[in-house]
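Below you'll find a set of structures to go through.
In the two complexes that follow, chain A is the common piece, with chain B as its partner first and chain C second.
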Partner chain A sequence: MSAAAAAADTYSPAAEAGSKRRERREELRRHLAEDADWPRADGRSLHDCRPAFMQTGPTTAASGSAYAEFGKTKVIVSVFGPRESKKAMLYSDTGRLNCSVSYTTFATGIRGQGLENKEYSGMLHKALEGAVMLHTFPKTTVDVFALVLESGGSDLPIIISCASLALADAGIMMYDLVTSVSVSCLGKNVIIDPTSDEEAWQDGGLMVSYMPARKEITQLTLTGEWTDGKITNAVELCMDACSKLCEILRERLKDPASLASE
Partner chain B sequence: MRDLHLPLNQTQRVRLEAALHELQTLAPAAASAAAVTVADNIPVNHEDNILKGHGTTDQDGEVVATLCGVVERVNKLVYVRTLRARYKPEVGDIIVGRVIEIAPKRWRLEINFSQDAVLMLSSMNLPDGIQRRRTAVDELNMRSIFEENDVVCAEVRGFQHDGSLHLQARSQKYGKLQRGQLLTVPAYLVKRRKLHFHHLEQYDVDLILGCNGFIWVGEHVVVREIADLKEDEQKLSAEAETFTPIETRRHICRLANAARLLSALGFTLTVELIIQTAEASVSSNVEINDMLGAEFYVQTAEGEAKRRGDLLGKKR
Partner chain C sequence: MSAETDETAAGGLAGEMEVEAYRRLFPLAFLERHLRESVRPDARRLAEARPTTVALGAVSSAHGSALVRLGDTAMLASIKLEVMSPPAETPDQGSVAVEFHMPPICSPLVRPGRPAEAAPVISKALEDVLMSSGMLNLKELCLISGKASWVAYLDVYCLNADGSLFDAALISVVAAFTHLEIPLVSVGDDGRVFTVGGNEGKTKYELVNREKRKLTLGDIPFPLTCALHKDSILADPTAEEESIIETSVTVVLDSSGRLVSIQKPGGGVTSMATIKACIGLAKERGQKLKEILTDSVEAMEVDQAE
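For the complex of A and B:
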């Protein structure tokens, strides 16, 4: 009997360990949904964003580029152009904005294909379209390529913020910097800047892309179950976080600008 | 500046930082105050009829920047000069470009502008130097003038109504550039001057500072009257023409490296500064291939800081 127990200790079956982990996650999920002041898995409170690290100029070949790291999520965005539209097409007064979001093969826990994410590409285009002054570069195209190095939740909002930083770095005329933040609704709580776990548990999600200086929203995406009062609160929460994120972007842009003007 | 990735050792790093700091303090305070980012307000003191130029827009009666850069004011005009954007051509600019395509009656050139520039066959001097209508035969022989990937020097002629850029090369000094190096630097490092063609006699080298940030360093070409050239002369000199003396090649490399170094440090490129840097490398016995090493970078930065400091001291 004792020998069997010892054996169980040494070779703890995978199923059992898995179920323990699942239990712990289930407990965390329940707390997040019900307790208002329970710390999240990474120690943040419900309305805290992850620390943001942003930098311009990781890709030297591009006209402009930016790197963003929010917790585990790591993104590189490169902007090319404005350059002559390669596809032979009719004359157009306005420029074109081409967006493409792709994941590396090792971005998620499950090894993927690293293909272009069509849905995110379209959403990125929609979010930036309103901010870029397309009429300032007729007949030409601006290409925005986003590459997610590691996916750790809130990927799209981070891609959007990073892309607007890269566009500003490339010297493309914009009405304002676009920043984007998402929130998740879990039970009775609304949590900001969710990680991939929290995104998986959410009842509903909301993403807001915002131009803080002009106080205009360029994109708003709402999914899942929400109640009226909560939506208003959540949008305000997002807009507030966007303004704060924009300050970080501005600082980043000021910093290399003062160096280069020597 | 930020493309600078040097294997600096500890002392070199300290020296470089000191030199850069020195440069920063020497720069006029207004320059750093005028830096704006997207959506920053540009204070105009509520003056009447301000002209809003490039990179600015109107928002609720305020002037707002739409680009990152430095605010420039010329009388009533307020505009933003960008530091990293592409080249913006002006009529009369001398540019260096590379042929990327041959289209009917025209060449397309890459000049670091948002579009490709167009050089029409009709705005070229023909090789025989005769002014006449361009025929279909000329059109077929376009490749004998410029081929794809040739480096060409030309002048900005103007914009068409659809916004495309036209060039002209109606002078002996324009045309194909051969036997030399093409460097690309950020366009803002080349200022518009009276003179963009420089013949450096002491080196037998031609230096062309294209306004678009393309810089040509090549062997000196003697501009000759085409009528003087006889067929047999051409044949005789053909052999000599294909040969560039090793000394000249060294000079070309040294000057090109000097230009690379200065652009990496973010200094405005002038002939004087390029020559000075090249001379400094000779006098301190730096080999051509060592010019892009960490030590010479630091030396150049320190030298420039000292030079600017002296200039400022004199003014005071």
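For the complex of A and C:
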């Protein structure tokens, strides 16, 4: 790849190395960690999610697809199949779910940085496999492909929610829609639906993937420093937000306003 | 897809079959029946291209970007500028690195890990047209002669593949370059270039590129792909038409009507008259695309003013 070779001796010019700018960022971080009702950089309060824009059907070539935009984060998920499994696969009574997440080269501020999130494909698979009725498509594979157009924080939870909307759009049988929300722990505060900056500053993170109608959690990941009481509160906060997000997904499925009429 | 329709096919009578089944089982006959009536399966006339829209500034993290829809085909082009030290042969020029991506979301034929065959072909064709058309003046991408110049990383992503990918890609590339805005930069003591935010009037740094914020584009290349089937010329074919018809001709003309490139990759033999007809169609299409591009620039300026 010539582009990769060329990338070695190029760099994207950073902002002026002003100490003022750094101070401002540090101040913002401190406020987030210590003040209970300090507004966030985008004007939200600590327990506000970004406005969710979701739509089915951007990719007509796929069996089902969905587009999600939460603030700066923009994701497209396409679902293909059920279709013939790869020849190398052994016979299987149940269907297979194949997930893959990729980033565009311009998704992050620095070119090509998004390629580092390799574990997302596996985590997307784990979050969805509990919800999909695999026995309804034996011997075949359903492919779930996600492309992050722009990364603006909370990428994985948005990919998961968007993927479950795309699966529903493709008519794949599921026990329930899966929605996912993450929170960041900053000092004594817990903030929901963090942006990239907030994720970078966090002491700990928690992501919950949830099936609201069945009240079942399909995936829970916890990183960093947490205390007992906080975890319980944070999980409840996530589950509540997941239920609300699920309502939005259901609305979209009932009234699939197409992307073109946007 | 064939298993469920086998029974109806065994009946052999096309008239008794459902239209959708007929379309899948006998795609060629289906298309030819349409062509006899001088109409296409999606109700277009033969020489008619699909509705085209251009939205500038679709990617906020890029310096220039555009989302182009050509019927159902969707293409997202983005330009990111980085700084490099120019090679000794061309100390006063910047460079452009073109890459065309077909991620697995765009088509059922692309699987992850196995890149699409078409992608590098289109990548190369885009680069050739871009460099030979004279639209860009690489000298404008120079910051300090011999020391620093811009390299424009141009990444084109196909979001939905429904035929005429090269056309959609080239339109999005051209649109992204019209949208491109070069950031204000200055040079630090260590010789590295950094961006200067805020107002260009009041800053303590010495600016390198106060005047070079937008590229002056030369003649802009506009493409048209035509599929050739017997005596018919089908402008802007869909994926379905491309899968049936083997022969296609891609013509690229610049905005003054000069020929930039003509490609006919394999397929059946074609007469010179047909090629001329294709060039004629491309000329008309170029005019339309020029209008669409101008409109999109105006639409963006109105958006920004509000």
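The rule is simple: the second predicted complex is superposed on the first by the 234 of 262 C-alpha atoms of A that agree within 3 Å, B and C clash if a C-alpha of one lies under 4 Å from a C-alpha of the other, contacts with A are read in each partner's own complex, and residues count from 1 in each chain.
Operating definition for what follows: a contact is a pair of C-beta atoms (placed from the backbone, for glycine too) under 8 Å apart; a residue touches a chain by one contact, two chains touch by 3 or more.
Every value quoted in this text rests on a predicted model; they were computed, and no experiment measured them.
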item: Touched partner set for A:T105, first chain B, second chain C, both or neither; value: second
item: Touched partner set for A:T59, first chain B, second chain C, both or neither; value: second
item: Touching partner for A:R83 - first (chain B), second (chain C), both, neither; value: both
item: Which of chain B and chain C A:L149 touches, first, second, both or neither; value: second
item: Partner chain in contact with A:T140 - chain B first, chain C second, else both or neither; value: first
item: Partner chain in contact with A:K72 - chain B first, chain C second, else both or neither; value: second
item: Partner chain in contact with A:V181 - chain B first, chain C second, else both or neither; value: neither
item: Which of chain B and chain C A:I217 touches, first, second, both or neither; value: neither
item: Chain B and chain C contact sites that coincide on chain A, given as residue numbers; value: 60, 83, 260
item: Chain B-facing residues of chain A, complex; value: 56-57, 60, 63-64, 81-84, 91, 133, 137-140, 168-177, 211-214, 250, 253-254, 256-262
item: In the complex, chain B residues that touch chain A; value: 1-3, 20, 23-24, 27, 31-32, 35, 37-40, 55, 57, 59, 64, 66-70, 82-86, 114-116, 162-164, 266-267
item: Chain A-facing residues of chain C, complex; value: 59-62, 65, 69, 72, 74, 76, 78, 80-85, 97, 99, 101, 103-108, 111-112, 151, 153, 155, 157, 159-162, 183, 185-186, 188, 192-197, 205, 239
item: Residues of chain A touching chain C in the complex; value: 2-3, 6-7, 9-17, 58-62, 65, 72, 76-78, 80, 83, 100, 102, 104-109, 111, 143, 145-147, 149-150, 260
